[in-house]
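Next come two complexes, and both contain chain A; in the first it sits with chain B, in the second with chain C.
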Partner chain A sequence: MTNDTVLGKDSAPQVSEDQLEHFSYDDKIVRMFLTAMLVWGIVAFLVGLIVAIELFLPSLKESLLNGVLASILPAVFSDMFVNLIDKFFSIEYLTFARLRPLHTNAAIFAFAGNAIFAAVYYSTQRLCKARMWSDKLSKMHFWGWQLIIVSAALTLPLGITQSKEYAELEWPIDIAIAVVWLGIFGGNFMMTVLKRRERHMYVSIWFYIATIVTVALLHVFNNLVVPSGFLKSYPIYAGVQDAFMQWWYGHNAVAFFLTTPFLGLMYYFLPKAADRPVFSYRLSIIHFWSLVFIYIWAGPHHLHYTALPDWASSLGMLFSLMLWMPSWGGMINGLLTLRGAWHKVLSDPVLKFFVVAITFYGMSTFEGPLLSIKSVNALSHYTDWTIAHVHAGALGWNGFMAFGMLYWLAPRIFQAKLWSQKMANAHFWMATIGILLYVLSIYVAGLTQGLMWRAIDDNGQLQYADFIVTIDSIIPMYYVRALGGGLFLVGALACAFNYFMTWKNRPAKYDEPTYAAAPLKKVYEGKEATAEARLEGVADMAKAIDKFNQFKWHRRWERLPVRFTIFVVISVVVASLFEIIPTFLIRSNVPTIASVKPYTPLELAGRDVYIAEGCYNCHSQMIRPIFAEELRYGEYSKPGEFVYDHPHQWGSRRIGPDLAREGVTRPSAVWHYRHFLNPPDTSPRSVMPPYPWLFEKELAWSSIKTRVWAMRALGVPYSDEEYANARELAEEQAKDVVAKLVADAPSLARKAKDLEKTEGIALIAYLQRLGTDITKEVDEDAADVKDTANEVASDKEAKPEVGG
Partner chain B sequence: MFKDVLNSLGDYTIFAEIALVIFFIVFVAVGIKVMINPRKDMDHMADLPNEHDDGPVGEEMRDELEQKEKEKGKDHDAQ
Partner chain C sequence: MADDKKKDIDNLTDHNYDGIMEYDNPLPGWWVWLFWGTIVFSIIYFFIVTMAQGELSPHGQLRREKAHWAKVKLDKLGEMEPSEATLVRLMHEPEMLDQGRSLYVGKCAVCHGQNGEGIVGPNMTDEKYRNVKDLMGIFEVVKNGAGNGSMPAWKTQMMEPDMLMVSAYVASLRGKNLPGKSVEDADVDIAPWPQPEKK
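For the complex of A and B:
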């Protein structure tokens, strides 16, 4: 097959047949990534279903024993199910808080990640009319990425985590990600683009370039840490700054991992599937530059009404609202590409998936800016509304684009017709109904939560003061959500079967067609290579402006990948620095509080247990200055309270109550002890699982000193004495905690010695400390300390304000 | 040094205004640029994914679809 389409273009010089270069495409790597996408997708959906069920386990058990299910099922089955549930979910590695990060990482980096790579490898080679620069690097990329995913699947349930959402993986894995992503994948991709035979870089390539460079930047800067062991580290940022960096990363992970590469995918595979050119290439250019420029600013909208400076969150809101324009421009461009091909949508499952995906893209990108508006965010933040929004994007946009691409690619890469169109159509309907059930029920749940949390009665008191009432009311919605998620999973299993059967029908040996195209000259000779001023008899400046106005510069960018990449990096970096520099370097943004002191060595170790158990997945530590919130949890959180929090634990969701003032509201050790052993003992109808292993597992005492060392390296002002005697101080405090525990519950006296050594005691010490610092008197000696991380900024801040 | 410079900036809300101005300039520039680009070039670029480069089964499926489209067109004309 010759690539004669290139030869006739004005921009490509005419060449004779003997000057053509012959080449083929590496589709094996596409088959590998597409298969991995499907396998990991099923894992991600399955784990998602498990964590969805965990949220209504107590209700499910009750139903099996005494409720509706008990009346339907024979008693023997009900008992068997309850026993199975108890056994399965009492495994410490399978708690909601440990599995949820596994679910999100599997969905984002394994399912969506492998989908991106399959799309990039298929489309880049064809758009560049060049085989990938190195097949070996492609393979190394595949196996390296799968190894990273397996490492995540092993470490997250083990509680090895940085506790930063979507960036939970510990530092050795982070280094591997940077090497595989930028060094291997990025290098191979850029070299392929550099040696391409198509002069123009199609818009999909632009989106891929933006993805590669921006994800690398985000990943590296959000994961700067000081290790305190092989699989343990502390971020260099603390409190407000850590939260800012995390959501700069978190939001842009959505933008540059789940949006830009999928838009590249859309701009390539949608015209392919519809057999129509893109509706408006002009619009796609505006879409690209607007997204790249605007998206990077929007992160702080995740931190409205928190201790983040107001100017930063307002800026995030403003840019989020501006995102409406390019996002909807892109959606309209996608849908209008189907002009004249809508009749195909009725019969072609690929187009069905694409149309629904683009519709979900439009819905999600409408809802995102809506949620960024401060007054809406005050209601929606920490509720399931955010979860509904995320899943509309992840399942609807990313999931449907990925499955649409899979159904389009499968016959081409396996060189066999799709085994069953009917099954593909059935998958489409199962997935569509599944998403709708999921998303609609969780919208209802989120709104219900938000409204109940803020409901005030006629006496000015909370109408639903008991937090569990707000959970009780949404349990039916959790059942519907699990049903929707289950349907989505069944659909994916049907897809896997269809995919497998198509693979079975492949030829004994794949045909590898050869294509031909002329090589590009190193110096571009097309008519747009230079722009000449069309004006005579005017000043040089006017000539320069005229040349600029001819906009040859953009055509040149589009053809020069290195320069194009540099401009993308500049757009992203400049935007980031405008927000990051003031947040980090202007002291008044994070006023310190004199009475706030570093955690004791035992509290620090307890905090690490809190992180390992993933408590942040259900509990926030951030009381917003909202009346109902202060009534429920106490005084609102101040930026200065978090200056030693490496990493911050603000959380993004409240399946359980906020814990920012836990030490003030629940100082009793015995309450926590009973709560961890069996949460309903202290909080009837709680959906929190029991954590008996906390009082069986010994704390890693030998590493306490190293943890303090790492904190000192980060500027946390531990004295030499505290560092030298870290372990002894921790052991002493553990004895005190247990002594108070025994005083309240004398029956524990016989196992006091064992309890002193456990993780649970350290965790209780940490919880007892939470939120108590601002109630303490200022230590005058400490206030004299200069040039340290806890420098006293102002006397005013030492006496916190009261009220909202 | 940077800290001192930044701490003396005073009203740093100017950062937000600078950001908006930069965005506005870039947005307008790109907007004008795409309007000026020749239509022929744009059409060529928009159709780049539709090269015949999807392997034997891909091309066979494309031919089948084109055949169906033609037949539909004929039926439509006949009616």
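For the complex of A and C:
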């Protein structure tokens, strides 16, 4: 490089020609991953747009039938649109609750995932001066990953799901992910690093290492399950512990799938595009290690005010606060690297995308700690505020970073000029305006709904007791959101066209330049082996600090990839165990409640219908210990109520009301029946789609026994009798439910025999059970246990028991 | 400017990766101080919250809020005996009926309709009743449930004054005869509600 000669600092020892090794880089794999990123990105945005529209379709339909649109549009058109909406809602595979996981998985693992791989394959080879260790493994990685994405796109709409957010995929796919990620991708990457011809690992490589090992750990430990069929399983954790593991995973998926690899990407592509040195090597070191160590602890902030013990919630909040500066370290290093290159930002779309991306990163990583403060979270949790936050992160940071990289890479990997600079600029502006419309409207929606939920009048009554009123007020914002999302999608389509045209201009045969470099010697002979104290006449302590500050010790680590990887593993594992061990081992964290019993076989099957339909995407089952919440939903949820919940169904967003006390407050079977068939029938202006197929599809009766078997394997106390007669017990209970239904709605008598067999009846049985156990009487001899348990549950659970 | 450039060059490390260089700039002071600040704050916060034995936890806050509102209710409503006299009194105080209405909308309207016209639960604006024989009967049904479990027992979910106010509101709907769920065979006539004593 020119800089080297100018500065005369190049210390690489001269080697003779015959010692050099010649190699080229595999850019074909980069082309494949980058193309996949773009294709899946468009799929993810499109599905996102569909689910965004689904939320206001019922209001649109109402408007077409009786509202403003009815008076404007000729009847022919409004009828046509209403018909279209009804047709759409009659397809069970396209409900919001089934598509939303598809949207999130596509955005995270398909769009961002393929972006990461494109970045890793392009930059690692160059940073290591080595071709990928095995082209074959690279290809297997590519096709394996795309296959996983396709299987996700097929299983999720079919209702095959573990119901853990961003970990919805069932166990066979999970195994494939572990193999492809760690075995193929991780193996290929580590071998490339080990065979590198560059002595030191650059900061991007550190972030890639952290990504690979941590994501593997998170994925494996959150997905430990007992299968009860080829595509059905139950997690080994229940209730509080399952929620804890899920958000340990969920939060760190954000950390190690959407943050660290993208920081690695930034550290390579930003200085390249700006042609400026990175601002501070020392800052890279400090913010890397603090980020890797601190991020892991912050997961419990997703569970503030839930039945999670209070000490865990506090740790989650505090480590999130401490995470603020380590996150901003990346932003500072990014933005300050642009010193002296800001004039380029005005003209170069690549840098424009990068600057907005880093700005969004800075905003999101400020907002993250803010949202993790308990009292802020009390307002934001379950509202669209969270949705706005993740989109600022995923579209703003990951999306803009990925597109910036694409515009930088496209001319290089296709060896042709970018087809249209103008179009790239247009994409930039559409994406920027789109994301602003999106997040601003959804911030307003989140704040509005959060404030309405908690509003209490002078008499101590809820100001907006009717849940639907809080939805009504934010529907206009949903239209704006869809507009913003649509704009973002159009921008991506423009990008795809530009990309395609650039590809069309590629040379007949790609030029594959050969590079030469000497292999690494076994022993490092460089000059920076140890630090010398530069100060004199000061205390030993000061000398030690000075030595530390020269970071020669870290320079050494950068030469030792295996040791570096082990240090990363230690820091994430130690941090994890500090929270996991107490959560699992200290009994007082989950005080038992004697009256809480396992679900009956029918309720268990109904619960699986609840999971398959993805009800948790819109309904929480967690009443927080907040006054307004108790007024609205009833007594707050206790940890002991969830001990048989494999998996937990606490949810993260209330598009509909909480269901934790559904069985207590809405026990009527006929209400549920009518509500599922046509929600506005019982709940005017409801945005829930109709679920008529629930009362047409037959329940999977033959698998009920296997389900009970799996639960028993997990330690849920079903008796031998219950296990042996699981199916018969379920059939009996279904008859009872239908008998009651018919008693309230005699017209259903002729359908009773058919109804007994359906999924809907099992689901109703489950809903009728929800939250009822703590109000039940217990056997005399168990009564005192219950009293202490309740007392502990309400008062003492908050007491931290760690380290005491 | 020139000085800056020179300083920058002096600051440059000898690192070079695929042409990417790195400066050896120190950590920004404000960054370091804020980082330490969050760490110190966290230690102090954890210590204080732990010492407070749950008083500063969400549960502690809930306990205080409940006590506060219980007191507000007591001050505003006075002691409310669950009795026919109380219900009659509440039925003739518009402010109490407003509160009852707000509770009704939150808890009852899903089954009994926004205005009491009935959906799956009975119409409460007509003159016929099934599980209710007198005014206190409404309160009993609200409190303990009815219809073989179709009507939930609210005693575990609502405070007693609230159950009384919502009962009074429901009673006040009688005779409005809104079109809705029709009368069924099991529904019977009952005596009119008692009137408040003239002062």
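The working rule: the second predicted complex is superposed on the first by the 726 of 804 C-alpha atoms of A that agree within 3 Å, B and C clash if a C-alpha of one lies under 4 Å from a C-alpha of the other, contacts with A are read in each partner's own complex, and residues count from 1 in each chain.
Assume a contact is a pair of C-beta atoms (placed from the backbone, for glycine too) under 8 Å apart; a residue touches a chain by one contact, two chains touch by 3 or more.
Quantities reported herein were computed from a predicted structural model and do not represent experimental measurements.
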Answer with first, second, both or neither: which of chain B and chain C does A:272 touch in the superposed model? both
Once the shared chain is lined up, is A:286 touching chain B (first), chain C (second), both, or neither of them? both
Touch check for A:126: first (chain B), second (chain C), both, or neither? both
In the superposed arrangement, does A:19 touch chain B (first), chain C (second), both or neither? neither
After lining up the shared chain so the two structures overlap, which partner does A:318 touch, if you call chain B first and chain C second: first, second, both or neither? both
Contacts for A:514 in the overlay, against chain B (first) and chain C (second): which applies, first, second, both or neither? neither
In the overlay, answer first, second, both or neither for which of chain B and chain C A:202 touches. both
Touch check for A:661: first (chain B), second (chain C), both, or neither? second
Chain A residues touched by each partner, larger count belonging to chain B or chain C: C
Enumerate the residues of chain A that count as touching chain B in its complex and touching chain C in the other. 1, 3, 9, 123, 126-127, 198, 200, 202, 267-268, 271-272, 277-284, 286, 290, 311, 314-315, 318-319, 322
If we count contacts the way the header does, which residues on chain B are in touch with chain A in the complex? 2-3, 6-7, 9, 12-13, 15-16, 18-20, 22-23, 26-27, 30-37, 42-58, 61-62, 65-66
Where on chain C does chain A make contact in their complex? 9, 12-28, 31, 34-35, 38-39, 41-42, 45-46, 49-50, 53-54, 57-62, 65-66, 69, 72-73, 76, 99, 102-103, 105-107, 109-111, 114, 119-121, 145, 147-154, 156-157, 162
Provide the residue numbers of chain A that touch chain C in the complex, in ascending order. 1, 3-4, 7, 9-11, 123, 126-127, 129, 198, 200, 202, 267-268, 271-272, 277-284, 286, 290, 304-305, 310-311, 314-315, 318-319, 321-322, 324-326, 328-329, 332, 336, 374, 378, 457-463, 465-466, 624-627, 630-632, 634-636, 661, 664-671, 674, 681-684, 740, 743-745, 775, 794-800
Chain A residues within the chain B interface of the complex: 1, 3, 5, 9, 25, 27, 123, 126-127, 198, 200, 202-204, 267-269, 271-272, 275-286, 289-290, 293-294, 297, 311, 314-315, 318-319, 322, 411-417, 511, 513, 515, 550-551, 554-555, 571, 574-575, 578-579, 581-582, 585-588
